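Following are the structures in question.
Both complexes shown next keep chain A, but they swap its partner, so chain B is in the first and chain C is in the second.
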Partner chain A sequence: MNHGVAVTILSSGVALAVPLLWAAIGEVINEKAGILNVGIDGVMLTGAFVAALILHDTGSLLLAALVAIPAGALCGLFLSFLYVKRGTDQIVTGLMFNLFIVGVTTALYEKYLTSSERSKSLSEVGIPLLKDIPIIGPALFDQTVLVYIVIVAAIAVAYLLRGTWFGLHLAAIGERPLAGDTAGLDVRRLRSIALVIGCSLVAVGGASIIVTQGGNFQPNITSGQGFIALAIVVLGRFRPGWIAFGALLFGVSTALQYQAQNVSWMASVPVQVWLAFPYIVTIVAVVIAKRAQYPAATAIPYREPGTERS
Partner chain B sequence: MNAQAAQAPSGQRPPGALTKAFLGLGRGSALRTVIDIVVAIVVALAILTIFFLILGADPGKAFKGMWEGAVGNNIAFGQTLLVTSPLIFCSLAAAIPFSARIFNIGGEGQLVAGAVGGTAVAFWCAGLPGTLLIILCLLAAIVAGALWSLIAGLLKAYASANEVIVTLMLNFVAALLANYVINGAWRDPIAPQTETLPSGSALPTILGNSGANIGVLIAIAAAIVCAVLLYRTRLGFGIRATGLSPTAARLSGFGTVATILAVFAIAGGAAGLGGGVEVLGNHHALVEGIASNYGFTGIAVALVARLNPIAAVPVAFVFAGITVGANTLPATTGVSASASLIVVAVFVLTLLAMHVIRVAYPEVK
Partner chain C sequence: MSAAQRSNGTGPGRARLLLLAVAAIVALLVIAGCGGGSSSSSGSSTSESEPAETESNETGGGAEEGEESEAGGGKQEGFKVGVLTPGTENDGSWGQAVSEGAQEAGEKYGAEVTIAANLEEPSQYQQQGLALAQAGYNVIINANAAMGSVTEELAAKFPEVMFGQVAVGLEPLPENVATNTPQLPVATFQAGVLAAEMSETGTLGAIGGYEFPALTSEMEGFALGARYANPEIKILRTYINTWTDAGKAKAAAQAQASQGADIIFSATDQATQGMYQLAEGGGSLKYVIPQYLDKSEQAPNVVLTSAVYNLQGATGSFIEMYGDEDWKSENVEFGIEDGVDLAPNPKMKIPAAAQKKLEEVEAAIESGKLKIPTIEELGSNESAEKIDLKSLEG
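For the complex of A and B:
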């Protein structure tokens, strides 16, 4: 593998890591609060769809990325009604939410967006001097603006979780909701807020697929990236810094499929192997990072003691 | 916390509970369940109606078309039966593991793996007489689905890997495996599928010219087998006990590893058989996208059937009717056939929100 191919893989790996990182830093907020949002792929798909729709109507990439925030927040509100208010099982609720969003976005896409031939993407913004560093220069410092923003966002989420009362409260109710409740925290309210914030970030991840990869929506365009983000969160041990590295790992393993034909030994392996590579890496990651690492109350709905399930 | 809730003195009942109990509307009563299901149907249809209106389609025309497309004539009915069988198989692939509170979300991929296995054997053993070939292909489909499923089972049993993510990922890998086979030696020169299978491998048809085949009968038989297994055998008791309390089940001698491997093998075998039936009975070739969300709709079927394999049969028929009926939507109203997913998902979400469908939770520490 020559030098040029390596740089290309690394730099497209960084670009492909962006949607995953947005989704993963959103999901880490949910999971810290004790919500395992399996509906994450549906939230991403929603973000991608509204971004494509706005891009189609206005032509503005910035507006397309921004509109994902309220769309994601709405998803978060809807999911918090089910997960938190009604205390439904998060795994099956999330799956059914995904199915619902696949149905809605596919139908709306076939009605409004199939004619969309607009091919438009954010262009790279190089950071002077830094982008001239060999290998990591072009990979890290000659990227779209979304790469720089998501790094800032990851730092902000890290601060939110570890440096603010809100973050510490989330950690408390994610581990021992009953203890948090006894200490005066409103478990349901905190979890709902976490879901709204988290889903907003996840939806931006979906929108970033659209605004960086040609601007066209396809049914199921997320192709499981939300689920990969679930694995990245565990792999990153719920710390945004490690999660960023995890996202990069998956970005690079996705980037391999685009360069496989340029490297002789890679070209001799069936292309499906390279296409499947990120999914296989996810499985390996899940094996390495075991379920025991989740906050104790993850995926368990909270009910105040003595209340009856209606 | 469950224990605390149960110990709460009766004086702390929520207001209205006694009245509801008197009227037979208390939690868990049959009448209340029926009312809840009717409410869920109304909500699902209302959301779909709103969706039709947003898309500028005439709801009356759309619903009429769906009804006729699902059960309006012999061929429509046959199509619905054709879709009923993979939905039954995929619902079994969810119902058995979910009973042990093991979340196999991999029905989609296991169905594809079974389809690949059935296809391969059909081509390899093309010279064999019809009935023997069919039996071999279906057995291969069961084995292929079970082996595919056991990847997740082994990883969960021996490496505590989260089965939700692993099975979801294996769905994508299975689709790529099918894509590899489709573009391999048996490739059809024109369409994105393999060439047509040897003619002897086609499943016998039923109900005259309806297009339905014995696949749906095999599926009903599989549902009965699974029900007997779940409610009348030691293994089934172990599976259900594990779902209620893994610790208690383990202490009573139901090995966790054995239970995990058994449910994944059974689930994968069921979904794989569904894939084999799809290939031999419906498409007569391995086609791209053969799973077409049956795995996920199958989970919906299993949930609505409250994980009861027998109840899954009528539920699968209804959901198949919705799926097949929705295929008329593009022609009648210009709305995508994917609208069927909206009805199914909203219906199940409503039942979940009303606590008609419940999946047991681990004890809170």
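For the complex of A and C:
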């Protein structure tokens, strides 16, 4: 598998983009429904932790990835209780949730998990003919199965949002929940469902970090990737296709920084600049994407007219 | 519009009750926290026993024990040792090496060893150290080379407590402080020699966690050793800004492999997993050299050897000095005779020629014929290239 520098950048970039993409396609469901889930990093961390726990106990990569789904769903339920039922400030609640999860997972990790063993991790599976296409072949078609699955998932989410009634209802309540309510939609229930589905996908993103990287959980292993996913969702104008491109952009710039540290003219730039490079790229992209707008009712808890909090 | 009617939901009476309850809980926590008691080993981001009062009672806490170092060579028993470290007891890396060393040494004296793990920020080291000192700990060991100033501060506040600092020397050295700095390049130099002998492409890689002198000296020591064995060797250096992210390490390793590196030295912790993955995948990367502990078990087919620094001994030395009532406030440096060396992988077959060269180099270092530069001399990026190879042979 001896590739040239460019192919390596693409190939590493795709692998690095996977957790981001999972998280972003989950988050886009939440945001379409009008929920700004800043707690996305916490949900990813939860998914990663339970995956590591299951992997440690059972040795099964498949189970580890699958268990993230109910774990994420539970997070979604918990968050929907806070965001939707209690109507708390979404940004503050999300941040608190992140802190809480970091604390809980770190404490549990120290008690139950060890990092000195090695667990299995997914190996790459090449798709026969396709992987021999020059350049894109090895980059796109010689990856772990999670890459292939996330692409399918992204397409499924795109269909969900634009081609199903559920998706249209979500879009409606994201923009004008009052109008949706008047038309007979149960706004709160729809948002809860969106949160459950969305957070399940986000948690799979967290699990993907564990399953493809040797199975060892570390405190705060997501290291802010949840927030990058938030940026990618906006960048992608809430469309899974563009979101995939955004995730790839970030993954590739991360991969590029490692090549750059050793390639002639680029190596004379201080290391720290390269290490900041992916984040600079993200900021620049978000600034350029200034015409993207959140659904009008994002982050505003919904109250049916005439009801008062008891 | 209902969206605008954000009614409070709880009436004034309810709100006051809630406030009262919260205040009561906070008060209880403060009282519980200040009631002394040592912190447990789950020292994560918030320190539980954060002192609410000022440091006015510090001498009270430190002198509580009474039996400090008396004259005459006796042995202390049952004293309390605290270790402040990044990583955890079971992280398979720095934290584990340091903890093992402390616990082994502590057992000899029946000492109570407490590991405060996962500390990252200076404020965390401060708070945790403060709490331990106030709780009457006799020896406090700081196992983070970047936190030397915290040790100095705490030592000034608690003259009755003995402080050990691992991996960095301190000047001026207070009487109650001792340091032990394993000379990292001594081990990584040898790793570089071996790697250069075994490389088929003539290109080696070094991947480091963060760029600071102690870490950089590990990588530069490796580069220097490789140059010593093969002056034509090419070394790629990459910093990934993480100790633990295996995905990033793998991407960095892929980048180096694509530029021809077939052996990579890993100056990180758990992130090395990503490099093992790549090496086992059958590509151009053949071997990985990890550090801190003998890690051949982790990937027996790709771990060429491990660079070890006897962190265990360094950490344990403070406990032994205190336990033997032989406290020497000195900046000690551990070299090859103290165990800063390579830990070979029993399952790895090294070709005879490479083995011979390695043994020659080892003997030369032991006899003093070969002088390995210090951490300071190798502390900046690419410093290995600037050193004249002939100057090493003293």
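Criterion: the second predicted complex is superposed on the first by the 294 of 310 C-alpha atoms of A that agree within 3 Å, B and C clash if a C-alpha of one lies under 4 Å from a C-alpha of the other, contacts with A are read in each partner's own complex, and residues count from 1 in each chain.
Simple rule for what comes next: a residue touches a chain if its C-beta (ideal position, glycine included) is under 8 Å from a C-beta of that chain, and two chains touch if they have at least 3 such contacts.
Bear in mind the structure is a predicted one, so any value in this text is a computation, not a measurement.
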Should the superposition on chain A be reported as showing a clash between chain B and chain C, or a fit? clash
Just to be sure I read the superposition right, which of the two partners does A:T106 touch: chain B = first, chain C = second, or both, or neither? both
Quick check for you: in the superposed arrangement, does A:A231 touch first (chain B), second (chain C), both or neither? first
Could you tell me if A:L82 is touching chain B, chain C, both of them or neither one (first, second, both, neither)? first
Have a look at where A:V38 lands relative to chain B and chain C in the superposition and call it first, second, both or neither. first
A:N216 contacts which: chain B (first), chain C (second), both, neither? second
Answer with first, second, both or neither: which of chain B and chain C does A:F49 touch in the superposed model? neither
Quick one: is A:L95 in contact with chain B, with chain C, with both, or with neither? Answer first, second, both or neither. first
Who does A:A296 touch here: chain B (first), chain C (second), both, or neither? first
Is A:I283 in contact with chain B, with chain C, with both, or with neither (first, second, both, neither)? first
Among 239-247, 311-319, 329-337 or 347-355 on chain B, the segment whose C-alpha atoms clash with chain C after superposition: 329-337
Overlap of the chain B and chain C footprints on chain A, listed as residue numbers: 102-103, 106-107, 110-111, 177-178, 219, 223, 272, 275, 297, 300, 303, 305-310
Give every residue of chain A touching chain C within the complex, in rising order. 1-5, 7-9, 11-12, 15-16, 102-103, 106-107, 110-111, 114-118, 121, 123-124, 177-178, 209, 212-214, 216, 218-219, 221, 223, 254-255, 258-259, 261-263, 271-272, 275, 297, 300, 302-310
Touching chain A in the complex: which residues of chain B? 1, 4-5, 8, 12-14, 17, 27, 51, 55, 103, 105, 155, 159-162, 164-166, 168-173, 176-177, 179-180, 293, 296-297, 299-300, 303, 334-336, 338-342, 344-346, 348-349, 352-353, 355, 357-359, 361-362, 364-365
Complex contacts: residues of chain A adjacent to chain B: 38, 81-82, 86, 88-89, 91-93, 95-100, 102-104, 106-111, 176-178, 219, 223-224, 227-228, 230-231, 234, 270, 272, 275-276, 279-280, 282-283, 286-287, 290-292, 296-297, 300-301, 303, 305-310
With touch defined as at the start, can you tell me which chain C residues reach chain A in the complex? 1-3, 5-10, 41-42, 44-46, 88, 90-93, 96, 117-118, 211, 236-242, 244-248, 250-252, 254-259, 270, 273-274, 276-277, 281-284, 298-299, 381
